[in-house]
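Paired with chain B in one complex and with chain C in the other, chain A is shared by the two complexes that follow.
Let's turn to the complex of A and B:
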């Protein structure tokens, strides 16, 4: 308790407060802009941390981190263009809701769900930090492989009744992910002698292409269906009433738990968590028939999940020194420069620092809520911008985003190609989210499978000897077989 | 439909015009110098480069922009430097791998003759590391265990053809042992593999080892002499193995820079390396400091290029 007060005193300085507020706002902005995501935001913040004291620099980075995960969902709702990979699932329900004029309501749902999901994981971080770190060490490559396969079943959840098309999209994602250096042998795959392709296809340009470009291409060609009347677009920020929330508390809790769990496993991440939570919500919801048409269940589930990743992803980063993704890797790099040595001792002996991070995270989530609520009238007003100007702006901003990831003009071509392909797929009503799922999970599944085979001397059956993996395989099989079984039962019954 | 398309084009054009107008204003005066870092932000190379930023800014009286071009084992970013115009406005902070090992492994659009070498900015040894609770505490204990149980010791490889990979292969050859090689995606995942029991040993940079010293112990430091910053780390040489595998890097420029520019940049690099902020930062990440001038660095790169080729050839990893 005494430490908590010390930590609070450390945080209650004007400098730290400025860092929290600026960091969160900058985070939301880079999240909103398609292509610019958490990594770019943190890279921008990195030089500032060198000249800031320890606590303010941590506050700055946490703000950018949490803000950017949330910010991506705003663009997903308003423009059907996830600002970050983490928000790809949000567009599935958020955009239809905005399209019918309720963008203010959609922002209300995601802002509250994001904040609560974030706060949930902050609680997990402080209560269960060390045990969560121990749990993540139970996951060896074999468990990762099982988890990756399980997450692939999300393709079914996001394909809304078009299973075959969803599988094709998922296959495209997996194939894109296979391009580049073979992670085990170092050989080149599908590069056709191109040096640029040896680094593989980056996820962000593809997301910019298949979502932002393709949406804009279809709008330019007037192929995007019935146009809503801009005058009917409600602007502002509307928090849904309590009776709407009450029936979705289960969704919120489950999303937060999925996010916190997935976040604690290094190498997975917020995009995976959001997709798992979304398809779980879809599988268990009482309002299944509304999915794909702007059902709040889906929004609440994926937004609570991807924001719940933030707190728990810090656990392996700080307690083990293992950053889970490029985002936490940048943060860890900056923390080490600040003289913080990660490891179990950090949670045991440096509780003042852990409490400071804990309090920063709480404040960041609250500032994030305020930014979202105040910014909503601005963001929703975007929908009233005359379409040609809007399309022009978005094309330019997303091109800058695609370029900005690696500062590479090649990535602009990748985005453009993905845009043309994406527009075609959209026109033929193929779901696009499975491409993201395939690209996100492909490398994990491949690497963990091949690592597992090296460890078991090529014996696949040895995978089943591990209890966690076996359980995950069983759940995967059950989810895949259940629809078949159910229809068989119905017929016989 | 057509009308909408035309209006969109107009929208694009006006937005581009605004962007150009906004950037054009500040474009001319003192043009910035871009330093390409071929790895992601937050990593060792990146942190070192950013630590030099203020020193270089002062010495060159120009803004220094650090640009991360990660991918394909660092070759993408190094390739970008090789392609850049030789006007002293684009430099690369190039570590050992993309310069002296990767060119032996695959066809690249550059080679060691594509650059003018300005200075070596850092060099630090690697360490053979095992988990704190591992059953061996010296190199000899691990070697005798590996001899008794061929393939039982699993070695986590952060990247194929990287210095740690070559060092592991050299160790296996020198000690006459057989290990299982487990590829992982970098230092963090290698540490995880050690902690969750998937792998037994890996070879990180001494700075990574030091910041995770709580969970790791060093069997041997791969350098001929002990480090004065960390005198308690025993070397491999003391234990009878002549293994010397530092991870180093330095500033390079595209080939063809005028002599006086090389000299000017060399001086700026030396100032930056000796500046107080850089030294403090290096101390914080527990990295010893090192410096070589242009001539010495050029000879050094060529020497390493050859020795690494021989090692890769022995390991059967050479591309042709």
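Let's turn to the complex of A and C:
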């Protein structure tokens, strides 16, 4: 209780409140703009966190994260153009509602369901985070190595249809993390005599390059595409009456549970959660015949699910130091810049910080509701900013992000190189998220493998004698072999 | 990028193959480097030396790349249909490279104002007043915010004019 009060005191500062409000508004704006999404929003917010204290910077990132997931739904409803992939399912029911003149009501459903789904996931975070952290206190380097390998399987989740390219991207990320001084022996690796490379390649400039720069470079290809008609963008906000809500509470709960469960799994994310919840709602709803024509059941299910991902995705990120997707990988990078080392020790030694994150998440979800209710119609005006101007502005703020982490112009060139390389790889259908996941997990996997080998006198088979590690190796192998097994079964069946 | 049923351009397929071969070549070079000289301490380390982990990763990469090569050289290929890159993409990339260089030469503020004006012009926008106003206001706002509020010292110009 004392820690909770300390945490509340930490976040009850004007600066933290400003960060929550600004972060949420920026997140909603980024979410509204089609093609930007959570990762670019967080990348743009990174430079602001460098000089902020820990709690306000976390509040800012959480605001951007949750706000961007919600913001994508606004354009999905009004223009049938999901601002983010997470909102794709929302368009299926939201746009038909808007077409029949109920856009304000659809925004009401979405805003309330998003807020409640987000709050549900905070509860999951509060319950599951400490338990997972307590379990992981028993981990030795061998378990961490097994866990790191398991987390790498999330590459499969973000590489659908391009598995070979996803694995190559993941390997590139692991190799980028290996450049610089060897942490055990102090030898230089792949520095080619460069002084700057001896410190390694920093994560943040690479994130800026492969997500923000490459997206802007390739966005130019679509400049002459169809653009939304400004006349379509005037909408209000109306909260659905309680009698309508009462019959959909089960749908809301089910969507929130699906989102919370899917969010904690590596490599899945909010888009997957939204579609699973939508198809589950369609299967179980008493109003099935209305699906596709603007049925609120579908909106409630997918919006509660995609926002419930936000809290639960933080559970493995903070409790184990293992990011589940690119969004949490960027968040992890920002936390490390702040001097916070995610992992079980964070829960053991800095519980006040964890409670502060809980409280921030709750506040962010409440601010998100207020932002949606008061400004839904205003945010669609963002779509009127001419894209050629917007591209320049995003590149400028992203460059500050690349530079600000170390105050080094070398990092600007790293971001540029990552941007050009990322644009080429993206154009050739290589998934880019595995590069970041590889860079984040690389040092953990390498250190734990080598420490494990020292503990076992170089006996790799001794790794299998530890039950948790064995279980994690088995799950990893099952995930990797399942696609092969499934295709065999299909052929024989 | 909008996908249609049109097959990908032949040049895209060739680029896909060239990039895959380049990745394999770089992997092979990096793998060869893992067999180079290391310090005496590293040789005797129970953690298996500095190149132990990169070697494992590179061997894994070569295996993954063998699957990749099989796919990119198959008749169906691996690339999706995307719009053909235009001179506008190239000009934006070059402008960004110039911006990165100009930050070092002329400082963040001057470079950002020029870049903020150049990008919309390169991308076909001709509303001069809006472009110049936005570039000026935005660049100065970002500079003031980071330099004066967040105290992140951004690269300064060599002209000794305070920014």
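What we mean here is this: the second predicted complex is superposed on the first by the 270 of 493 C-alpha atoms of A that agree within 3 Å, B and C clash if a C-alpha of one lies under 4 Å from a C-alpha of the other, contacts with A are read in each partner's own complex, and residues count from 1 in each chain.
Keep this in mind: a contact is a pair of C-beta atoms (placed from the backbone, for glycine too) under 8 Å apart; a residue touches a chain by one contact, two chains touch by 3 or more.
Predicted, not measured: the structure shown is a model, and the values here were computed from it.
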| item | value |
| --- | --- |
| Partner chain(s) touched by A:395 [first = chain B, second = chain C, both, neither] | both |
| Contacts of A:128 with chain B and chain C, given as first, second, both or neither | neither |
| First (chain B), second (chain C), both or neither touched by A:42 | first |
| Partner chain in contact with A:165 - chain B first, chain C second, else both or neither | second |
| Which superposed partner A:185 touches (first chain B, second chain C, both, neither) | both |
| Touching partner for A:424 - first (chain B), second (chain C), both, neither | second |
| Chain B versus chain C as contact partner of A:329, first or second or both or neither | first |
| Chain B versus chain C as contact partner of A:138, first or second or both or neither | first |
| Partner chain in contact with A:407 - chain B first, chain C second, else both or neither | both |
| Shared chain A surface residues [contacts with chain B and with chain C] | 47, 50, 184-186, 220-222, 386-389, 391-393, 395-396, 407, 450-451, 454 |
| Chain A to chain C touching residues, read off their complex | 47-48, 50-52, 162-165, 167-168, 171-172, 174-175, 178, 182, 184-187, 189-190, 213, 216-218, 220-223, 225, 386-389, 391-393, 395-397, 399-400, 403-404, 407, 409, 412-413, 416, 419-420, 423-425, 427-429, 445-446, 449-451, 453-454, 457-458 |
| Contact footprint of chain A on chain C as seen in their complex | 1-2, 12, 15-16, 19, 23, 27, 30, 33, 38-39, 41-42, 45-54, 57-58, 60-61, 64-65, 67-68, 71, 78-80, 82-83, 85-86, 88-89, 92-93, 96-97, 99-100, 103-104, 108, 112, 115-116, 118-120, 122-125, 127, 130-131, 134-135, 138-139, 142, 146, 150-155 |
| Chain A-facing residues of chain B, complex | 1, 4-5, 7-16, 19, 40-43, 46-47, 50-51, 53, 66-73, 75-76, 79-80, 105-106, 108-109, 154, 160-161, 180-185, 188-189, 191-192, 195-198, 211-215, 281, 284-285, 317 |
| Residue ranges of chain A touching chain B (in the complex, touch as defined) | 39, 42-43, 46-47, 50, 137-141, 180-181, 183-186, 188, 195-196, 198-200, 202, 219-222, 266-267, 316, 320-323, 326, 329-334, 336-339, 341-345, 386-393, 395-396, 406-408, 447, 450-451, 454-455 |
